[in-house]
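Naming follows writing order (A, B, C, D, E and F), and every chain is counted from residue 1.
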Amino acid sequence: MRLTRRYRFSASHRLHSHALSDEENRRIYGKCNYPFGHGHDYVLEVSVTGPLDAATGRIVDLDTLDGLVAREIVTPLDHKNLSLEVGAFRETVPTTENLVAEIRRRLDAAWSGAFGVAGPSLERIRVEETKRNYIELA
Amino acid sequence: MRLTRRYRFSASHRLHSHALSDEENRRIYGKCNYPFGHGHDYVLEVSVTGPLDAATGRIVDLDTLDGLVAREIVTPLDHKNLSLEVGAFRETVPTTENLVAEIRRRLDAAWSGAFGVAGPSLERIRVEETKRNYIELA
Amino acid sequence: MRLTRRYRFSASHRLHSHALSDEENRRIYGKCNYPFGHGHDYVLEVSVTGPLDAATGRIVDLDTLDGLVAREIVTPLDHKNLSLEVGAFRETVPTTENLVAEIRRRLDAAWSGAFGVAGPSLERIRVEETKRNYIELA
Amino acid sequence: MRLTRRYRFSASHRLHSHALSDEENRRIYGKCNYPFGHGHDYVLEVSVTGPLDAATGRIVDLDTLDGLVAREIVTPLDHKNLSLEVGAFRETVPTTENLVAEIRRRLDAAWSGAFGVAGPSLERIRVEETKRNYIELA
Amino acid sequence: MRLTRRYRFSASHRLHSHALSDEENRRIYGKCNYPFGHGHDYVLEVSVTGPLDAATGRIVDLDTLDGLVAREIVTPLDHKNLSLEVGAFRETVPTTENLVAEIRRRLDAAWSGAFGVAGPSLERIRVEETKRNYIELA
Amino acid sequence: MRLTRRYRFSASHRLHSHALSDEENRRIYGKCNYPFGHGHDYVLEVSVTGPLDAATGRIVDLDTLDGLVAREIVTPLDHKNLSLEVGAFRETVPTTENLVAEIRRRLDAAWSGAFGVAGPSLERIRVEETKRNYIELA
């Protein structure tokens, strides 16, 4: 059994890779390479698996999950400029792919502290950047 | 190949577990433990796999599927109070997790009667309780 | 210029009018008359008009609006049974029409206390009960 | 008869008014005042009225409308930083209210050039900033 | 107070006006002029105003409204080819504008027969052809 | 890591199988068997997996993907009558199941030409016919 919970945050970014020339950056990222950045309303889905607790009828305590996601993801990223304010994207281009990987790293690092070692498992992260695009990381 | 079909029903419930103290019920379920209940517009997805019938171009007969889901799920649950009117939730708290398990049990029990033993397989159930939450059971 | 802001709350109710016979109640409300009630995820839109404040670029202070709607509408109605717990619906059937009228009365009564007499105007209330139905009151 | 057509663009901005103190900016705009900006996926609706052309069955030529909106609005604003790159927001805070007013000014100025003096009328602009908020200007 | 109810139907059509040359048809309708037709999932909104009935808490009887719309609109148009099967579009090009006008004519003609002369009023029709386009007729 | 991208196209079709009698066609396909056809606004999701390119932060070049899908799927199917104009459906009934299989065949055939043999993999196709139905092919 798998529970998925949705969160939202709005952020800005500029797609520009230090590993590419200016010309390559323009060709690969198009409008997303415009110098002053742009932004999106991201939708984050966090999917959790685990045994069903017979007493509560739940596979995960939602307050704990919401607190963890607020502390590790939404508060540090919401209404921020990913390119300028988030350390992980100082050297790394903030594509949705890299954003998903960063969110996964943050949740993995804090997971057992929040839920204990016998708790539910983080199974999948999904980020929808716009209505046209989403990235999943299992 | 997998076909998924969506159904909707509206129901009310109160989350209150007999296995927990009143204090624990309030802490774990929050507003969902309010004594007089509340309700949701549930979205049920039923996913079916099976070989493609060369003559019909279908993997499942939709009339049979719709009839089964109407009879077993939508008619008995739509516009009902899950906590007070549905036997499965007399002892069990009607969280979305337990609701999904109950829907799965009902469909499993009636499946081969509707489709025969050589018919398509019920692969996954998904219930969305609100825009923030959904549960899947494969 | 008109600003509209959306709020959500979940509630249960039973449509049963004291002014009608049991037979009429069943005929007019159908499944909504089932005795133990059912529920919905309501979407409330509040539309406000007013002059544009040159300094803030806003026609209404959103914190004040959110505080007012939370205090008068969302907190008293969310996760409640409208038929059993909300005084306005003791004698009056909680159709979406009557719910919209009640929300309008509550906001009208508290509006000038929140915004002052020279503040923005409450122009329209809209409540979506399900994807099939909404009611507006200008 | 009224036709409404939807367009999308993504942009970033920072809400900070030169007419307010830093302390007032923080209080009024909250997270939207964070120094490095954030972004949204805006949805623009343009509503047009006019007589029905008996030959074409249309009240407006969609190619002309799409070309006008692309040239005046989507190309200049999409993937841009409204605060830093759009002249209208050098002195004016880019709230959705001011953004709607600016879009209206741009379309009004170019309208008769695109459609001629006997053409359809621009009746309403609507901009949805997030799922929680939209502004209309008739 | 205004109630709006949503209905859905799927239909095909080809936009080709007898009043225009082939060349003009291609220029004005683009892909919609392709010779074999294409289709859409239309969303119809019907908005009704009227006094609130104190006994029922309703401004319109929903069964009567649903029956009227089914009989006059959904049954005759759903899964049909508007260009080939609907008389109104034999001479008239089935743009959304003309479709809305036809739906309005049909509902106006049958309205007082369904609701009586003292019944609620049909205030507005809205048809959404795709996510990019809708037409309203008040 | 998996990227999913959404595309839209509108098309018409008639469900009528040459392998079935007229009577069986009517029973199995219902309204979808009406002789003149009907249509839908299809939503196509294409899911791609592959290693994350460290320089670009992407698992697939979006311009290449968009070009491939436009050339192989959207241009040949958009605003077409699947039953009459698409060779694959001359003998085969254009159910969503068969449409998904055909889209998969076209993308598979052109994939390595577009991305090279070391490129990302096409993992899944999903087509949503209406809000009630979707088909996936992994």
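Descriptive notes on the structure:
Please note the rule applied: contacts are C-beta pairs under 8 Å (C-beta built on N, C-alpha and C of every residue); 3 or more make two chains touch, one makes a residue touch a chain.
All figures in this text were calculated on a predicted structure; none of them were measured in a lab.
Simply put, chain B must spin 180° to overlay its Cα atoms on chain E, rounded in steps of 5.
For the self-contact between chain E and chain F, the two sides draw on mostly identical residue numbers; the shared fraction is above half. A centroid comparison over C-alpha atoms places C as the chain most distant from chain F.
Between chain D and chain F the centroid-to-centroid distance comes to 34 Å (mean Cα coordinates, whole Å). Centres computed as Cα averages put chain A at a distance of 29 Å from chain B.
One simple way to say how far apart two chains are is to compare their mean CA positions; for chain C and chain F this gives 43 Å. Counting partner chains per residue, chain A shows two or more touched chains at residues 131. Chain pairs that touch, as defined above: A-B, A-D, A-F, B-C, B-F, C-D, C-E, D-E, E-F. Against chain A, in their complex, chain F makes its touches with residues 1-6, 52, 54-59, 61, 63.
Chain contact summary for the complex, chain E toward chain F: residues 8, 10-13, 31-32, 34, 36-41, 78-81, 84-85, 130-131.
Interface residues of chain A, counted against chain F in their complex, comprise 15, 17, 19-20, 28, 30, 92-98, 100-101, 131-138.
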